[in-house]
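The chains carry the letters A, B, C and D, assigned in the order they are written, with residues numbered from 1 in each.
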Amino acid sequence: MKGLVYDGPDQIAYEDQPDPQLRDDTDIIMRISLSTICGTDAHIIKGGVPTVRPGTILGHEATGVVEEVGASVKNVEVGDRILATCVSACGYCRFCTSGMYGQCLTGGWILGNTINGVQAEYARIPYARNSVYAIPDSLTDEQVLFLTDILATGYEVGVLAGKVSPGDTVVIVGAGPVGLSAALTAQLFSPRNIVVVERTAARRRFALEMGATHAVAEDEAHELVESLTDGLGADVTIEAVGFPDAFELTADLVRSGGHIANIGVHEGPATLHLEKLWAKQITLTTGIPSGLTIPQLMHSVSTGALDATPMITHRMALSEMESGYDTFLRAGETGAVKVVLSA
Amino acid sequence: MKGLVYDGPDQIAYEDQPDPQLRDDTDIIMRISLSTICGTDAHIIKGGVPTVRPGTILGHEATGVVEEVGASVKNVEVGDRILATCVSACGYCRFCTSGMYGQCLTGGWILGNTINGVQAEYARIPYARNSVYAIPDSLTDEQVLFLTDILATGYEVGVLAGKVSPGDTVVIVGAGPVGLSAALTAQLFSPRNIVVVERTAARRRFALEMGATHAVAEDEAHELVESLTDGLGADVTIEAVGFPDAFELTADLVRSGGHIANIGVHEGPATLHLEKLWAKQITLTTGIPSGLTIPQLMHSVSTGALDATPMITHRMALSEMESGYDTFLRAGETGAVKVVLSA
Amino acid sequence: MKGLVYDGPDQIAYEDQPDPQLRDDTDIIMRISLSTICGTDAHIIKGGVPTVRPGTILGHEATGVVEEVGASVKNVEVGDRILATCVSACGYCRFCTSGMYGQCLTGGWILGNTINGVQAEYARIPYARNSVYAIPDSLTDEQVLFLTDILATGYEVGVLAGKVSPGDTVVIVGAGPVGLSAALTAQLFSPRNIVVVERTAARRRFALEMGATHAVAEDEAHELVESLTDGLGADVTIEAVGFPDAFELTADLVRSGGHIANIGVHEGPATLHLEKLWAKQITLTTGIPSGLTIPQLMHSVSTGALDATPMITHRMALSEMESGYDTFLRAGETGAVKVVLSA
Amino acid sequence: MKGLVYDGPDQIAYEDQPDPQLRDDTDIIMRISLSTICGTDAHIIKGGVPTVRPGTILGHEATGVVEEVGASVKNVEVGDRILATCVSACGYCRFCTSGMYGQCLTGGWILGNTINGVQAEYARIPYARNSVYAIPDSLTDEQVLFLTDILATGYEVGVLAGKVSPGDTVVIVGAGPVGLSAALTAQLFSPRNIVVVERTAARRRFALEMGATHAVAEDEAHELVESLTDGLGADVTIEAVGFPDAFELTADLVRSGGHIANIGVHEGPATLHLEKLWAKQITLTTGIPSGLTIPQLMHSVSTGALDATPMITHRMALSEMESGYDTFLRAGETGAVKVVLSA
């Protein structure tokens, strides 16, 4: 089969690879129908994620069809249409039994990281019991593809951890795929204002199309949030960039008693202004998703309450994967949000 | 009457002051029976709390007797023995109605800060309805004095915000009065280990007497916590110092999925290592107490489950207030934890 | 002034009454602009609420203008447009400080019950600080009138207590004003299905107009809920009738691990089938609202996410109050949902 | 091997049975070291649990040693000392992934119910990954035996579901093994009062030895609880009997805003006095345990905070199982609380 292999910084190739084989009886083999490229993949190919060794097939977001099942897999059968979540969960360690699949002692985010991933024709998915979900007949693969990572991340790590509630003013810093996913899924809780703070004008326009009520550049954020909140600050602020200045902005825009939810992948530290925050009764959270909300979100997709397909700006064949990366990495020029590759 | 007046950096005097008068019908006038000195007062007299203007009577921790009540005060009567919490709460702003008295839009921590405090013979207590509690006949003033601030702070901002649970390993960085209060009140939830990290040997010994299961210096903390937690880290870490390195230590010692509760009063920023924490699913909280747990904690005092009186290392007369400050500020030599001044 | 006086079972009259006077400094006097009739009022005039003594002015839902304020009222001023919540809260008893205003030791639901109410030209509102809210200029009195009781009840006691979540299947038994309010406010959480169970065909049609996804008679409820939930039962069931059979239906339709929220006012006991429920891990809640969500719900009204005005089926003058009651009590013929009376 | 077989109402025999075999790769075979008899077993042998068919080996509480492991079991190895929880959890159904192992779609309480149990020399334990725990070397089998059911039940379904908190007044109706387990584990949260209501004088005395602060007969309960709570009622009431009158007593003794936690196994309905409760803002919960708190409780056992071994009133050999049942069923005469049978 073919897969997109990382061969060291700035070296990727869609090339022949051995077909994946079952190793554990909790594995399945999945034939990929749709795969997509994540901002994290961009970090990886710049060499920014040291756990990824050269020779690894990338990718942690895919739908497909079950090709083989390990002996102890009972939740899906050969031939089922499924999605595989970006996180692999053993289901029985202290973290999995607390619902923290992202912290699984032997799993977590390993697909396309410490083991081969899903930007390929086939993939081995470990811990399938707790990590794959059947797709209902009424939904297409495209409708559920982003549940595998960005929607679950925006929802669990942003909206739920931040405790977005009806009537709230929510600020989301960053209108990349994950920030947009937070903006989309925040709407499930009917906040009053969804303010997206984003550098790029095109992304701001797109955020408004996706349901943000306001979209501004960084330098306009303070004034806007003050005017919307009687000067108190936002109920919830969500960091979806991964840079220190973006984090500090979210910490600055939150009201007393509010929540800061960090989603961004950070490569370095940020400054925490405890001299301003120590008494403010704020709650700050970090994390990666468990995917445990995917069945619930699938209901919201089926009712039309959640539709992330407008984020698909480019559709290509799996065989055009290298071109897909190029399009995604030059998002400033191509306008790419999500590039979807199909078998 | 006499009161302890802050006259600018390093200038305090226990001197004649006008008797306090009722201003609002929600005020009471309280005759002080016991008052005590807080670490925050030490910040103030060094000039570290700019909201405190010269001429202010300090102090935000006291018991006493109701001398006069404003027309709309219904919860206490003249002659009642009471404690006054360090936080004054209007009871009806958006923060008070959410239980966040520390964020009260017109109150919060104002006693001995923006208005005259309780290191005096008499004091005006605003918003008495939501800010003073009658002391049951069965309890002495000394038994409840520390509920006014340090116990409520350690409990609400440390133990409850940190979600200490039975069987947990809890780390408390700093064995000053507030850290010790966290160690004491944590015991109400039967954690397995209470590890106090503290520079001073005498304070470490004292922490063990107060119920800590381990007390170590900073450089021993990592190894101890690892050995107690199978290398995972502590379930809850509590910062009770107010310095960046102490904060960073608490952030370093927490396990995936754990809680960091900041209690310390910080004068500057700290470094938040998001490159380590972004995926760890941690929760970080800050705050000041509401005092809303005081009735509950009074129950615990009455059953003997909570006894903070061993923290009283020095007892003096109110008239010896200046000497009390001297004793408290030279804690390294005097061994002072809490200095209590009585009428 | 004139007010609607209960003079014993089945005897009401809109008649001359003394003008209300300030008694406590926490009172206000309010000139009524809009008042409305509640299902509870129907209980009262049948003699079903023994706490209401003959001679009492009824009514606990009104908007109006502040005419006089007690000395300690700071949150509103003479001339302000306000709504008065159905529950009066002292703001400092153990229940008020826990956010349970309905359980206030000296307040709770007293308006139009143990003291004169708001179906009158003027009314005294006790504990105004915690019981009235200013209406923003951008909203009309009609838009916020139902926040005073039915929307707050449906939302707090039904939707929030039942923990309605995105993707859920919610069953509401009873499409009276409170059941419809639950159906309306449940939509703020984007459930997948809102099933209204109701005897009357006209009310079922109306429930669908108000956003229910399904509306059926009792005998169709089981089959529908099973088909919607793979036979598991509803995530949340809400009782909004107040009769034993309706309660038992809600208990029967809930899934394992689900929530039953009772809103209905019951005059007698119901049977709890513990032989079916003991192991099912259900949560059952009861209550009356605090009104603490009113500011939040007002935001939802202002964005258009919440519009209860279609429930106004009849508009009359305050002076036509007796006719208003007649219309409301003969709802089967008149189709009345809410009858609104204006000054 | 030998096992205790239910052969229809009032017919049990400890007799030869085929050795258990692995069936699924998630099974283990366990050699029993200690087993014990539960109140539920008493229901069964009276024919009160229709799911138990004649020919079934009873028992759902045991410690032992792993004899064989299915291919996909990774959490324990042959030779490990373990305890098996009373509930078998697949770990991946919608209930297991919500932490509700008792509601597992293909498991739940099946041991000694729909499949053979652990009152035998050997037993097959299904879904071992999520249902058995290794016993640390520092703890004896006796110290952890009751974690398999009664302690987990009292703690999860009583204390945690009821939200017992420091300073609370807790009422537990019934001082059988589960009621006593609730009384024991409630102490982990430092309540002020633990009132046990129990018919039998010997059990009341024992409850006091186990840490209850008060133990009274039914007819004394109201007066005591009123006197302890200023007439408000208990913060938490726990039903640990399984009869309607006991349930109604718990519902009667709870305060406004309080929690009623039902643990009792009920064979028929109870009356719920909604005419008293509809407005009281109570929360009522039911359930069976997940066992997910067992690791946490094991910590509490290891620190000495939790010691249930005094409940062992009788120790016998496994071969004396029939005599053990006789002793347990005649508890009134024998004083039996828990009868422990060892290999």
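Everything that follows uses one rule, which is that a contact is a pair of C-beta atoms (placed from the backbone, for glycine too) under 8 Å apart; a residue touches a chain by one contact, two chains touch by 3 or more.
Please read these numbers as outputs of a predicted model, since none were measured by experiment.
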Target chain C, source chain B, minimum contact steps: 1
Interface with more contacting C-beta pairs, comparing C-D to B-D: C-D
Distance between the centres, which are taken as Cα means, of chain D and chain B, whole angstrom: 41
Multi-partner residues of chain C (at least 2 other chains): 98, 295
Footprint of chain D on chain C - complex, ascending: 95, 98, 100, 102-103, 109, 242, 244, 247, 256-257, 262, 264-275, 277-288
Residues on chain B engaged by chain D in the complex (per definition of touch): 165-168, 187-190, 192, 295-300, 302-303, 305
Chain D-touching residues of chain A, taken from the complex the two chains share: 24-26, 70-72, 74-75, 90-92, 94, 97-99, 129-130, 292, 295
